[in-house]
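What follows is a set of structures to go through.
Each of the next two complexes has subunit A plus one other chain: subunit B in the first, subunit C in the second.
What follows is the complex of A and B.
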């Protein structure tokens, strides 16, 4: 038996075989054509905006490299950084910064080791790669420091930076060897060390001799450290079952969120005596500023944390209660760790805001902080009447930007590490 | 599973829900329990006694108060009227009583409610360490034993988010068991699971019943009820409509509501 082939339909609507797809051209010229000069209109937009951007970049580059009179920054670098802190005592700042570097290194090493144990990070990487990772992570800080060092004329700052780097490296090496439960200890050491550092730094000059960027950083760090616990307590208080606690929390939050920070700072400057009993010595200005920042920012932190608390499913508390955990343990072991993790971006945003707002304290209370040094430098004999604020203010902006971008990038890294939003 | 005392004379014995099966030693007692949510009465006069080592399956249409009833037993909901006594401790405003009952009562939720920021082992050891004050090593030994009991010791270092639903629910069972509870409450433990994962959870629960755990299980798994339950409780509109052995319940239900419900689901 022969099989007849089924009839083949031919020549009915013949479909030509598809043209082989043209290889997408991939040279730089082709890229330009595809992305910037696809049509005449595209070309016009590209040329015009390119010219504008090019001109701005040219003027900016020329200003930074050629016409800018950066000698005003160079001459006043110490004022910008530490105000009128006595030169003979600058080693104290070096010691404190080295201690900060050591602690940061310890924490980084410790956390790295925990990740190695958990198997989420390789134990060893080649040195070059590790340096590259550190640079990719902290380049604004590293480049900023390099720029500052290039502006110095003495050996002191270079020694200081070297000491900090060495301390950080030593901390990193030691941190790997810390036993498992050390993180709480490290945090405690940080908080305690902060107090010691303040005492150590205030010894030669007292509270109000602080200045420059050091003062801005100090106000921010002190404000952040103090406002955080207060804000968390207020957030918990606002959700309390006790009507009095709730009322006090709500009253506090709404009061401080409803008034301008600058006015509060002025009040702290001018009228704090009203609230302080006469037999008590009124605190120094820096302390007043810290108090105002703490009270003000705590209200915002409270609302951010409350959002985090509300985002937790009810089942989490119920599961903890069903296991017999007390309310306090449920709050601190189950609820807060998750709630805080979820609000890291908003919290860090608030802290960045606080850091920048420290210049308001200087404006209200007359501190010689980084922003006010600008005015002072331009009033010096060598620079008076030369309108060099166009040099000094951008320099101050750069200092703040380095701090803020570092905080922002570190918070994003923390979010990734903690898996926020992935769950 | 020690329901020798529950005679085949189902009609005579089980007309009264307060009659206990088993050894006769009462573990949980609910008397005229009423619970309201605003104007809505979720439980209107519940009477139920449960014996030590008894397995009671609670079924009924949604909104009938099944979950509310077992959530009252460990005070996740506060009842408005009546008495609830768990192993001799009456639930009252007294926080110490509440804590004592919760220590002795394990609960497994429909949505697992594992703690996502803690590893599986830490989920299991948290309460033994914080509430029973076990040392870390002892707690971890206990935790691993509990994970072995639900057959997932190899997942101990993972986080809940990395596990399947069935595995998560078994971790939740291990977490509750680590407190060495006298009673286990299950609130629709398989309702949020994909079908292929239901059996692994039910198997763990059967193991538990076989070991003599006192259990109250709210579920729609009729096969489980038939196989494991000493008694089946049927609830509707906040009341207990009918109580009986599985044989009685699935073969010769008395109440019309029960018949209607069974005809809808079987």
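What follows is the complex of A and C.
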């Protein structure tokens, strides 16, 4: 057997370069083939599911546009949104919402500016493109607001929405000029502003005058704000090296995570009075609901914060100790700020779930929140016995959906921007 | 020069401070709890309300809808009825939500545009609305309003009949214990067949084809055992205005079940999608490189790894479903919470009754998380 030399690769006889991959054909027909009719089985799936989806869409469209009797929503729009809040005082709500818009604009502008400095976002974009981006981000909110405005009969709500938009734009323009470390200041302003807003809104009527979506939003915001200190303490306690402190924290967290919120709210409604000394007046229902939400959510927030604490590299604590910081300083200056930053998206998720759960407080305690307005509207003379829950309840659902989907999309965006999980 | 062995003064000794701090924390907790309990005791004594569980032996004084429970039976029997109803919701709800959720989660990753986006619309909508409103809508607007009167019931073959009074589904006939015996026998057979096929596959290297063997064998065992034990089947049928046969569902049960399954499945779907996407892309590509079919790729390579990621969060959803079953009280489905509300409305003391209720839910939660943990341990990668 003779050995032959392998063929020598020379410039005269090079390896042929690989064929460039064929560009995927692009046209409407190709799109259809790729996405709907990839194979015979795929075609069958498309036809069957297309028939089902088409039928559902047809029924839904017919219901929304033809058979649904939406007068009940139009007639009770104010009840759905703000309950029995006095009409003369509605400007207060407009002021608070404008302040919220301003704050949101400030935060958005500030975050944008930080990204411009870091070079991850272009500083300037054409106005049309920017409006398009905003619409792509906030379309549920924008379309929902447009729908609500189309149902109103007075000029007030339109003026209010305009004011909120203007405030948000002004905030966005000012936000880019804020100095570097202002985020904590903005968050503090939000918490402080929440207190002021509550004081401002309860001036004309007490808690009992609150209702509609306003009450749902308030319960959720109050719950998440108040539970926060307790939740952080419980998380620290659960991670503590001290056995008794850890036992108390674990017991609390597992107890509250193991029982249904609805039962706790019923307990707060029916039995809280037993645990209050006789010389103390039993608190009102809204306060009871806020207390239950606070105690309940604290357990969940504690678990979220614990996750953030665990995700932090041990080197951070050790470095702080090497610098001679005390345990308290290490915790509050080094560990917590980083841990909390990492769990912001999860906290937003908890807030969304709390927002949805506010309906339960109304069910257990009978507030006139958005879901209970549905029952009230169906009991009105004009609509009694007409079984219009099929109109009112989907409307309330839509309100919640707009709020939740907006927050969840924004939190996903924030998660990407903070780079949680990618660092 | 100070020796290192000299102890610092008591108020600067870290160990002493740590214990002092702990005792202070526990002290505060104990004082608060005792203060609350003392208030409870004083208030109960003032209002002459018992503080123990003696109410459980009193006659209930209220009926539990759609059960054999009589008003003269003690409260504890009513609570057991409620517990059964809760478990009925949880067990069937968990099973249905898992199946639907996995289907939806896989559909969200389909290459088919229509399937992918239909599933996405469902998940994104249902996940972002309150379960409670879904439940009320399901009950008042759909079951009680849009379902047909019994005469025009919707009939799905011999499997189910649905109408405004709830409906019936196919069910066995002839005693619970016989049914359990047959179920255990069939499951045992399936397990044995699976083990046998796995051993054959390990020994010979040929494909196991477990399903191909297990399904006919299991079906045969099921039929034989069903006949031998003397179990009957009862299919629902429409007889004029009445539905005969099958197991009857009240409209409340159907609404609560449907709402819980719809809501939980959307969350399960999102977890399944995330878990499948979390499986490293190379795994799927390796399966492609081995020329596995699309189904084989999903079933043997991607899903087992995705399940490992998905089990703990899906277990959390089961716990949520169990806790959310308490919402069915709002549409008067007589589960635990509703029965407790009824007994409190009938002169049972509120605090002990609710404390018992919370304890029962805690136990249910603990048992569920125990089951999930066991499953998780089986699935987890065995590391050195």
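One rule holds for everything that comes next: the second predicted complex is superposed on the first by the 344 of 423 C-alpha atoms of A that agree within 3 Å, B and C clash if a C-alpha of one lies under 4 Å from a C-alpha of the other, contacts with A are read in each partner's own complex, and residues count from 1 in each chain.
Simple rule for what comes next: a contact is a pair of C-beta atoms (placed from the backbone, for glycine too) under 8 Å apart; a residue touches a chain by one contact, two chains touch by 3 or more.
Remember, predicted model here, so these are calculated numbers, not experimental data.
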Problem set entry | First (subunit B), second (subunit C), both or neither touched by A:338 | first
For this session: Could you say whether A:203 touches subunit B, subunit C, both of them, or neither, answering first, second, both or neither?
Result: neither
For this session: Check the residue A:389 against both partner chains and state whether it touches subunit B (first), subunit C (second), both, or neither.
Result: second
For this session: Figure out whether A:357 sits in contact with subunit B (first) or subunit C (second), or with both, or with neither.
Result: second
Exercise. So, does A:74 touch the first partner subunit B, the second partner subunit C, both, or neither?
Worked result: neither
Exercise. In the superposed arrangement, does A:416 touch subunit B (first), subunit C (second), both or neither?
Worked result: neither
For this session: Using the touch definition up top, name the residues of subunit C that touch subunit A in the complex.
Result: 18, 21-23, 25-26, 29, 36, 39-40, 42-44, 46, 111-115, 118, 124-125, 127-134, 136-137, 140-142, 145-146, 323-327, 329-330, 337, 341, 344, 350-351, 354, 357-358, 361-362, 365-366
Seminar exercise, completed: Note: in the complex, subunit A contacts subunit C through residues 35-36, 38, 42, 45-46, 49-50, 52-53, 237, 242-245, 248, 255, 257-264, 266-267, 270-271, 273-278, 352, 356-357, 359-360, 363, 371, 374, 387, 389-390, 393-394, 396-397, 400-401, 404-405, 408
For this session: Spell out the part of subunit A that touches subunit B in their complex, as residue ranges.
Result: 118, 313, 315-316, 318-326, 329, 333-334, 337-338, 341, 419, 422-423
Exercise. Subunit A touches which residues of subunit B in the complex?
Worked result: 74-76, 99, 102-103, 105-107, 109, 111, 113-117, 126-127, 130-131, 157, 161, 172, 175-176, 179
